[in-house]
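One structure is given below, represented as structure tokens, and several questions about it will come after.
Letters A, B, C and D name the chains as they come in the text, with residue numbers starting at 1 for each one.
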């Protein structure tokens, strides 16, 4: 039951799979890349871009919510393989600091990887400001039953 | 203390103000309109469109998170007036049903409207399926102090 | 799928069942009674008592968290019958106002009643202050599969 | 701005202060001790006891919610000093595994320590099962303004 399980897909494999199954990704989603995956974790980067900004040059809340969701999806896929139909059932996010005008990094951690549910958290910060999170999210995904 | 306070802006005024202060809105945000405002509540509509879809024709989770955030912002503005710098501090969303291929409606309700914080919930459903929510969110905004 | 489903147990039956399966209930739990159940909803009352107070005579946060959890469990039982082993999987609560020195009322609402998960919200207020919630919670329960 | 701030009270001082300001603590609260505090973190222990059990010998959900709340309060006090009136404004908790019949440990982490709000998370596990959390919570406290 979810002891330090090893990933079964690489960062590049997950990125390629997401691009394949979600060809309609747009905005912030297209600007997000998985940088590394490790046991029960993954790190992602959202490139700083005009398309995700709010007045004042701040990355928008919805862009950070999307990043948290994307990050948890990526780390789950990296550990369970190509299961496109996993769906988010819950996301709770605290916005803690205004992001800097810089790329955002997201560290996703799986805390439970069950047969039907996977849950964990995602910490988001502006590049250069690790330890001072812009946001922190809890995310739960429902995993469809495997077909025989 | 937030007893049945009356709105101070109309649906049209809030929509116009959001378009003015967020000229860079895109994707789902551009497809969202405030339909009505009432005491401590507002109803919004997100038009069904290719730009918010996931494989299978389902409206994406991030589009629903953005709608919940947009809806709470709109209902708060409608009650406190033009305060562009209110920022989301927390959002918790449960995804409960796959949305139908239809417009989404969002009913936002203010439960607390304090000097510094406003909090409430947003119920989201596919048009024609009221009573069977696609999602339900709690949203909290921080309100900046008024200038003298 | 969770259209205005009717309750299958009365308020008294749910209270009696909870007392039977949780003989070790204590503190605030022993002071809570189900007042009424209706389609997809229930109302509970937590009697004001020294045992749940914080300095200043305020009912404690944990007492309100327990009440929210108890209320959702009660409304689910009222609709699915005697299933002792349903367990909470998620609870998100906003504390919005200091409760008055009075009984607390809790209105629990089921928004989704699936085969495996039930989700809804609970609004809590001090008697005499309806419309000015002390707290609002989202609660999700996992329902064990029925035995054949 | 909440850079690795050092604690200003020891574990023993926080425990003593909580016992002093909350003489009415009961149940699980009386069984909880702060074990250590460090920069922006603290670890607590809830002793296994009949008073917090559910049928089957499992520690109850409300006991874990209380522990998460207690843990965040303790770590905040350890860093800001004796401020009895800090109040919880939000708590979101995921229950991930049935706790073992053992003491519970809670690791609380401050992610933001502002003038008015402190936010962080708490990971809870059964002694001997570190890395397999029983629960994970986000907790936000409101801090009253200092008096002059």
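Assume a residue touches a chain if its C-beta (ideal position, glycine included) is under 8 Å from a C-beta of that chain, and two chains touch if they have at least 3 such contacts.
Keep in mind the model is a prediction, meaning the values are calculated, not measured.
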Selected interface, B-D versus A-B, where C-beta contact pairs are more numerous: A-B
Longest centre-to-centre distance from chain C, chain (CA-based): A
Centre distance in Å when chain A and chain D are each reduced to the mean of their C-alpha atoms: 27
Chain A and chain B: spacing of chain centres that average the CA atoms, whole Å: 24
Cα-centroid distance, chain B relative to chain D, in whole angstrom: 33
Residues of chain B whose C-beta touches two or more other chains: 89-90, 92, 94, 140
Residues of chain D that touch chain C when the two form their complex: 21-22, 24, 26-27, 29, 50-51, 53-55, 61-62, 65-66, 69, 84, 87-95, 98
Of chain B, residues touching chain D in the complex: 89-90, 92, 116-117, 140
Contacting residues of chain D [partner chain A, same complex]: 1-4, 90, 92, 94, 96-97, 111-112, 119, 121, 123, 131-133, 136, 138, 140
